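Note that the chains are named A, B, C and D in the order they appear, and that numbering of residues resets to 1 at the start of each chain.
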Amino acid sequence: MKDNNATVKNWRSRLHEIIYEADTPVGKWFDITLFILILASILLVILESVASFDREHHQLLYISEWVITILFSVEYIARCLSLKKPHRYIFSFYGIIDLLSTIPLYLSFLFPGSHALIVIRAIRLLRIFRILKMIKFIGEASKLKDALWESRTKISVFIFTMMILSVIIGTVMYLVEGSAAGFTSIPKGIYWTIVTMTTVGFGDMVPLTALGQTISVIVMVMGYGIIAVPTGIVSAQFSRQSKLNNIHINTQACPNCNAHNHNDKAEYCYNCGNLLNEA
Amino acid sequence: MKDNNATVKNWRSRLHEIIYEADTPVGKWFDITLFILILASILLVILESVASFDREHHQLLYISEWVITILFSVEYIARCLSLKKPHRYIFSFYGIIDLLSTIPLYLSFLFPGSHALIVIRAIRLLRIFRILKMIKFIGEASKLKDALWESRTKISVFIFTMMILSVIIGTVMYLVEGSAAGFTSIPKGIYWTIVTMTTVGFGDMVPLTALGQTISVIVMVMGYGIIAVPTGIVSAQFSRQSKLNNIHINTQACPNCNAHNHNDKAEYCYNCGNLLNEA
Amino acid sequence: MKDNNATVKNWRSRLHEIIYEADTPVGKWFDITLFILILASILLVILESVASFDREHHQLLYISEWVITILFSVEYIARCLSLKKPHRYIFSFYGIIDLLSTIPLYLSFLFPGSHALIVIRAIRLLRIFRILKMIKFIGEASKLKDALWESRTKISVFIFTMMILSVIIGTVMYLVEGSAAGFTSIPKGIYWTIVTMTTVGFGDMVPLTALGQTISVIVMVMGYGIIAVPTGIVSAQFSRQSKLNNIHINTQACPNCNAHNHNDKAEYCYNCGNLLNEA
Amino acid sequence: MKDNNATVKNWRSRLHEIIYEADTPVGKWFDITLFILILASILLVILESVASFDREHHQLLYISEWVITILFSVEYIARCLSLKKPHRYIFSFYGIIDLLSTIPLYLSFLFPGSHALIVIRAIRLLRIFRILKMIKFIGEASKLKDALWESRTKISVFIFTMMILSVIIGTVMYLVEGSAAGFTSIPKGIYWTIVTMTTVGFGDMVPLTALGQTISVIVMVMGYGIIAVPTGIVSAQFSRQSKLNNIHINTQACPNCNAHNHNDKAEYCYNCGNLLNEA
């Protein structure tokens, strides 16, 4: 009985190694295969949405869809089995996404319309970030994330200010322009304000009165200038980050006078002339 | 008589504490309620402007409008009563906004059209910034404001240059394109120039002649490049700001005169000449 | 004879002082009047271009036009007379602009169509920068100009690369999309590429084929990313500039050990403890 | 025989000097001529595409086309002959482009449609960068390239994230808006997402439903904010670069071992421990 148990344990830990780790060759191979499968499944969903393509290759798409769904189902079950406490995976963000990206096709037997839900699979693309752990890219990504996270309060204040401005300006534009120019309600006005302030400028709603155009000009110049704020925040953050990194590159201190900030190639202290590394 | 006076004073100072301060639990509770009321009042104005929604729920909106107006009126009166010299509040920016956001509904009995003025209420959203004093966000907000304020002359020069450029280019485009492309007057040309230079590009007015399109290309590249200027200004400002903050990281204080802000390498106090670290 | 000559000299130098300098009260008054006159002349040109306004107030505009033209003519003659060698002014940039902004109205007697040239007057707005000499704004403006001038080679390389890219992409789009989508010639393609790359996006020409849309996506992401380059250049320039400024703020050096970079408030050297200012 | 061989060598090395180097007057002259010829050939292709111009000056364009093609062919042959191992040039990027920009006209005798391929010539514009070697611009260009190259991983992560976001948002918009608003397939949705996120905003596809417009607002604000990331990356890179350059400003070299790049405050050589300034 104990032996059997050990075998199960062995089998489970090996599966775990393959699925959740990327250090072994098999683990790497699994991750790359999964990466390709996810890309393929996204491509399938995209191609299926192109009416002309779907008409010609419907059979092919249908079969591929099923193949990928079954493979994903197997992967889901394997992920559950390989863990001692699978509930932690099942109720995690990725666990739910993994489940949701297999279910829709099964559901479509019961409820015809539910096939559209297959699109949730697109969220699986996020798993790519997890797979990328093996590459050094993740380091840079976490730097980016850190910089954005560090400046989160500044950015929140900024977005909050923009929201209030949008409501006020959107309301004013609704009163000034009215429904002739498409400003049929305040939400429409807010939508237009954000379209304009972010310099997107679709042109679906456009001020027609002189006053409306004058306000637009102010909104545009404001939006054009305001972009400096998030950019400035993130730039300063990156600059600081890269400075901090520079400091960590070289922690050498003189054994005699303890001066810091030596050149990377320094052999002698610039302050007292002592040898830096007395071997 | 004196006792009664004291009671009034007590009552007034307690009211003041609740309304103007956020340190006590009641004060906090008041601020949060006000915050929610303002949001609700804005939402009401927005929903009212949506024709289909207003048609179905007109009664509900009408009653809510009155409830909020009465609550705002009570708040306004309480604010006046809680101060010894209420005229300082009444004629302050917030005082006027607070008054203006209650009046329109009352006025609508006398003048039917004046109801639209209720939109002034949107400006009350700015009060949110004052309420946010309690959160640490305000620190970041003031940093943002400082950075923008510090670079105000640079930004003014920039906006001024852009305005002159817009007038010149707008005039040229009016002459080049003429009314066929919608450039019916110089103001229209200036409007188009700003729409283009800020990279908004609505597309409501578009150059049709080869010369006009050539000028457009120059305006666009200029606008695309010019954005670097405000961004650069604000970035540099943020960088400097974060550097100034870095100086405070060194928390060394002179054991003799308690002066702060020493250089990172300082060995002697810059204020009294005392050794900083008497080992 | 000599006396008369001296009077002329006196009279000329006084006129010069008034017109070209802004230190005396009369000089300041002259500059401000000129500033207002230029603004008024621009406003006139702008209002004249608005058909509805011109129809109603034609007489008023016509008279104001003449008044300003005569004042500008007097100013032009005064500028010439006040200089010993007026040809240096006459053939300078401002001299030519000043002349060109008075001539059109006179010419309109001989050639009816030439009145439109009055628009050259808009260029006189640039004189505002010269008038602003009196305010401290000019310091900031020259900083901006310096930062842009310092990065001129970097910016040239950038604009040059963008031009080459536009020609290549514009040509490709002309081949891919053809005249159905409005890409009737390569210049049109280049125009579209710049409209897209600078994120203006008028929407007057839009890719219709799948291939064209795919290329568009690349162009857009490229344009969206490329903006980082001029912004980065100018930001770095501003940062460097503000750093250089910081250094110049405090040039104090210890009289004993000659250490630099003392705190602004430092009284004792941080390096040797010597008094910094031995009075 | 040997003599003859030497003459060939001489002749080849002289040709090589003219074509590939820009130090001699003839080499400079060759480069400038080539520069002008490439510009002229591009101009020809552009003018040819303008239907009205082509109709009037067809003969002129036809002859110029042939003249330039023959000159380019001669240049191509000369480039091949001037090298001992011409295959390294022939199969290089520039070699292939040079060949491809001469062939189409010859091919057009055999296959009528192939004339359009002449557009490949636009890529020859890239050669301008090589010609510019002679100017100091190349230094700045390489700095730009370095800065972009250094931040390549950060930028890749950024573009990758944007791509994933576009797929997810594009899919959602396809489901929300449907074909009424032009979202006929997921690729169309992705195209719209990128048009919106990069703040281009053509306006050819525009959300019509309230939900779609709400999502648009989020996409726009996101796109507006996200631009801070590449800008921040490149700004920080430029700042760092200009700081590294600053180190080189200190031109102190050790009098003993001639090591460079000493700290600004260094008194002893970091390489040999020698005093830097033996007074």
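The working rule: a residue touches a chain if its C-beta (ideal position, glycine included) is under 8 Å from a C-beta of that chain, and two chains touch if they have at least 3 such contacts.
Bear in mind the structure is a predicted one, so any value in this text is a computation, not a measurement.
The interface with the greater count of contacting C-beta pairs, when A-B is set against B-C, is B-C. Distances between chain centres, each the mean of the C-alpha atoms, put B farthest from subunit D. Put simply, the C-alpha centre of subunit B and that of subunit C have 30 angstrom between them. Spacing of subunit B relative to subunit D, judged by their CA centroids, is 43 angstrom.
The distance from the centre of subunit A to the centre of subunit B, with each centre set as the mean of the Cα atoms, comes to 30 Å.
Shown for subunit C are the residues in touch with two or more other chains, namely 187, 190, 199-203, 223, 227, 231, 233, 235, 239. Note for the complex: subunit D touches subunit A at residues 153-154, 156-158, 161, 164, 167-168, 171-172, 174-175, 184-187, 190, 196, 199-203, 206, 210, 213, 216-217, 220-221, 223-225, 227-229, 231-233, 235-237, 239-240, 261-263, 265-275. Across the complex, subunit A is touched by residues 42, 45-46, 49-51, 116, 119, 122-123, 125-126, 128, 136-137, 139-141, 143-144, 147-148, 155, 159, 162, 187-188, 190-191, 194-195, 197-204, 227, 230-231, 233-235, 237-239, 241-242 of subunit B. Subunit A meets subunit C in the complex at residues 199-203, 231, 235, 239.
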